[in-house]
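Each of the two complexes below includes subunit A, the first together with subunit B, the second together with subunit C.
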Partner chain A sequence: MKNTHASMAVRGLLYKEWIKLRYLGLLPFALLLIALGDSFYDMHGLKSANGGQALWHAVIFRSHMPFEPMRYLPLSSGIWLAAVQFAPECLNRRLRLFFHLPVDEHKALCLILGLGAGLLSALTGGLCLAQAALISLFMPVEAARLSILALTPWCLAGFVAYAVTALIFIETSPVRRLWHAGIGAVFVLALTDARGYGSHVDGLPWFGLIAALWFAAIGNVLERAKRGGGS
Partner chain B sequence: MAPLIECDQLRHGYAGKQVLNGLSFQVRKGGIYGLLGKNGAGKTTTINILMGFLEPSGGRCRVLGDPSHRLRPETRRKIGLLHEGFTQHDFMTIAELEKFYRHFYPHWQPQVFAQLVQKLQVPASRRLSKLSFGQRSQVCLALVMAQRPELMILDDYSMGLDAGYRRLLLDYLHAYAREYGTTILLTSHVVQDLERLIDHMFIIQNGSLLYSAERGRFFESLRQWRFRRTPQADLLEKTDLLTSVEHIGRHSIVCSFHDEAQVRQALRQKDVALEDWQEIPLGFEDAFLSLTGKY
Partner chain C sequence: MMLISRLALAVLSVLALARILPGYVGQVFPKDYETVLIAYGADPQRLIFKHYRSGKWSYSDDGGNSLTEDEVRTALPFAHFRELERLGRLPGEVAGWPFDPEAVARYGTRMRLTPRQLDKPDFSLYTLMESEPGATGLQVPPDMFRMTERIEFIDAASNRIDEAKSQRYNRALAEAGFTHPARLAGDNPSTQKNYDNGVLLVDAEWRVFHLWQVGGEPRVARTDTVLPPSALAIRVLQHPGREYHGIVTLPDQLLFLDWEQHAPHRLPLDGHLPAVESLSVEETPLSWEFSHTRNETGTRKFVLTDRQLAPLLRHTWHEGDTDAGKRAMRAKAMGFLFPFKLEFHIDERTQHSLYFSTFGAPWWVTMAGIASALCASILWCLRRHGRLPHGLDLLFVLLTGWLGAITLAVLGPLMRSHPGLPAWRNTSPMQP
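Right after this comes the complex of A and B.
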């Protein structure tokens, strides 16, 4: 009986997330397609105008990255997806509706975060793989691998931005909101500032750990919001 | 049988200001209970504690056997909550709301929801944000009723509603409580509406229980008299015997839970001349104001 309730509740929560994300959640993927198209025409144009040598020059001397417009795509997608999921859940004291649902609120939060992080993973995974595939059309596979190393910190910035935005929506204290935003901005700026192929590679595990900690903090903030009035 | 709600010496405050000062009351199974009080009496804080949105700083509050700030999901399933201001997911349509909530409640009654919503004569594909406040109130009430809860808590259900929608809501509630035996605890700032609805009232003032009684007993026991105002009458103050003392124009008005002879005797002992003495019938709102005061 308990399992039936739990599976029905999961279906209910997934249904609500689907309603929130069915249209607005597609926007980052549409932007991804546009960015990939831009990247393709950039490389194609460079090769057509100046020959393959120009592409090699860009990689060796790290002078130009054809996927430069993608720098802020994971970041803005992370903020966007978190806002789409958490703004209708948290604004105007609606967090109370969430707290009163007959489900464990921490498990429900994990499901919502898991769904958002899953979408972001699909987006960033798609971005890295598609970009690597595009580069491999013009250059050897080693260059494609380098491009993934360049994209990884930007993708990680997307996850940090997602967690920080969710945290800001759930947080009830304006001062703490500013604090989360300030600290989050430091990490996000550090990750998106990565210039050239392979920068931040050594620090990536640490940044990954920090992103995980941001996600872990959301549960604590939710608990505090509940005890403090669920506004 | 254990009470559905049990508050014992409840205390809570914000930023050093004590809002609840040892509030105690019990809600037993069956009937409609009104939690009444003037603005700032502690109603909202009490409801927030009952709903589990606040942990009281002192005392004990149990809802369906669970501590109110640690309600288990299976307990929450038995409680229907109507949030103040009819807070609900605006981004969903009426049909989507119904589909969403029915996943969580095994005793969901789609026909109860449909009956209430059909009367709105708006398509189920209409978003909640596009409905008027009155229509929205009906959808929110329908969502709570369709859950078939054991206990229903309605936080200021009358807020923002005109007289017509308030009456509609009360009629539905009354019929529902009688049909399903649901226990209802509600608060409202429109006291006169509750006269015909509630079976039992808790009147709170300054964060503690001022008065608790069955509706009928309240009217039987509290009475009001008017007499000509004199300088001696102006010196009268509230006592255990005189629940309220008021002077309006050329008359003084007193209320008491004691009988007429006792009141007259007490007034005479204070040298008050009881000229033009007459009893004035009390309406629900008059009685409420007599107890809590107008200021």
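Right after this comes the complex of A and C.
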């Protein structure tokens, strides 16, 4: 009977996430399509106007990035998705309801985070693959490989921004909210401010670990909110 | 699990503080350190120092005499021959050598090699220009090539492999004894040069090959030079003087490859480490001048050689006592406050990563800083929570100093030392 209740609660949570994300969760994907179109026409325009040589030299020797408008797409998508998922749960002290669900709050949190991170993974995975495919139309595979390596830190910034936004929503102390925002901004800036291809190749494992730490940090903030919430 | 979660947030906070705080605190200390450029005046023979501090240049010689800008121009006629020519003050001869502006231009190579050139990610696509372009001059080639298990030319217009050209070049390389895959390749894609000197390739057995395109056909030179497997980079040179084909970077030395046989000639530098030091190379018709330095060390080493790279003069410049004192004071103050700092980007690297470093303070200063952070953390805990901190909290502060103490003050303790007290209480640190 208890299992049935828990299963129903999980399905209820999934349904709630579906309701939150079914329209608003599509916005980043719409922006992705626009950005991919922009990237295609950037390369196509350069090649049509000045020839393939000009495009190759712009990319290889002048570090021109046809996908430059995508720099902040994963970052803004991460913030957006976390806000869509957590604002309805946390605003107006509604987080207290979260602790009265018939399912453990940490499992519920993992479910919500898993859905959001999964959606962000689909977005960033689609971004990298589609951009690599677009570049392969105009340039050798080496350029496509390096463009994925240039996009990866921006994608990681999206995951950091997602976790930090979730943390800020769950956090109940205004001072600590500011603290989390400031600390998160340091890592997000480190991942997005570099110019040129392949600038984070050596550091990607470390920055990946940092993104994972941000997700790991959410649990204790929820626990603290629970204690402070008088549960 | 909660402990891991708390540790994760605390570690992230310490990393971010180690990135931000040293930068802001460091602004308090003056940064007007003197830097110097060194050149050799051949007639009369003396070293000329160009001092730079706070946006201003001043000049002196190795006898300690101050020089004006005009005197420097006269003392260094090779470096300033265009200006002297405009002023109509070209010397008749320098150290017995009849001054020839054309020869000065031909043997006036200037190069700067930096550590950033070694870790720069590249596309592994290379250009090969027509070495005898005729009346059209040097032009950007319509294709680029890659070195995999063979050489492949890719046409930029169609983005397809040019099989016919690739096969011609593969045959030429095979006939010369080239073993794929290539270890290193060095090209020069610029068209702003006097001539094209092709591409230097290092094959799987670390032998150096030189590839040119002459009249559209490959020309390959197999050399007797076999590099050690530690070689980091090879660059092709296109200097007007045509004395050297290329330069090879090894972890602890640099080699010039001569024009006749590509034979390696070691540059006579004192303990130069290409991965961390930048090197300036200046050529004159009489000599070569090499000067290398490392960021924020306050030293610069200078070597003068003859045309055959035999050393004639060595000099090490050290910054003055005032600057050294300022640097030491800054190191002590920063070392007291922060046991380490974190940077995501440093001058010597193109790669953004996590670079941890200390401030070079004496160990006892760092330990004193950590001890003060521990005391502050204990006092804060007693005042705020009415108890001593848990051993884990103390260990955290011991490892991270003031960075950890500030983190725990804002976020709360990692562990409760009394079971009745909740860890990471939901109270703002600003509240009593």
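What we mean here is this: the second predicted complex is superposed on the first by the 224 of 231 C-alpha atoms of A that agree within 3 Å, B and C clash if a C-alpha of one lies under 4 Å from a C-alpha of the other, contacts with A are read in each partner's own complex, and residues count from 1 in each chain.
FYI, a contact is a pair of C-beta atoms (placed from the backbone, for glycine too) under 8 Å apart; a residue touches a chain by one contact, two chains touch by 3 or more.
Since the model is a prediction, treat every value here as computed from it, not as a measurement.
On the superposed subunit A, the two partners subunit B and subunit C both fit, without a clash. Judged by the touch definition given at the top, the superposed model places A:D202 against subunit C, while subunit B stays out of reach. In the superposition on chain A, A:Y15 makes contact with subunit B only, while subunit C stays out of contact range. Looking at the shared chain after the overlay, A:R227 reaches both subunit B and subunit C. Legend: residue contacts after superposition of the two complexes on their common chain; A:L36 is shown touching neither subunit B nor subunit C. In the superposed pair of complexes, A:V103 makes contact with subunit B only, with no contact to subunit C. Applying the stated contact rule after C-alpha superposition, one finds that A:H57 touches subunit C and leaves subunit B untouched. Touching more residues of subunit A than its counterpart among subunit B and subunit C is C. The gap separating subunit B from subunit C at its narrowest, counted between C-alpha atoms of the superposed chains, is 6 angstrom. In the superposition on chain A, the residues of subunit A contacted by subunit B and by subunit C overlap at 227-229. Note for the complex: subunit A touches subunit C at residues 51-53, 55-57, 60-61, 137-140, 142-143, 146, 149, 153, 172-176, 179, 182-183, 186-187, 190, 194, 196-203, 206, 210, 213-214, 216-221, 223-225, 227-229. Contact residues of subunit A toward subunit B in the complex are 4-5, 8-9, 11-12, 15-16, 19-20, 88, 92-94, 96-97, 99-104, 226-230. Across the interface of their complex, subunit A is touched by residues 1-2, 4-6, 8-9, 11-13, 15-16, 19-20, 119, 121, 123-125, 140, 142, 144, 146, 154-159, 189, 344-345, 350-354, 410-411, 422, 424-430 of subunit C.
If you check the complex, the residues on subunit B that touch subunit A are 48, 51-55, 69, 73-74, 76-77, 79, 81, 83, 85, 87-92, 96, 99-106.
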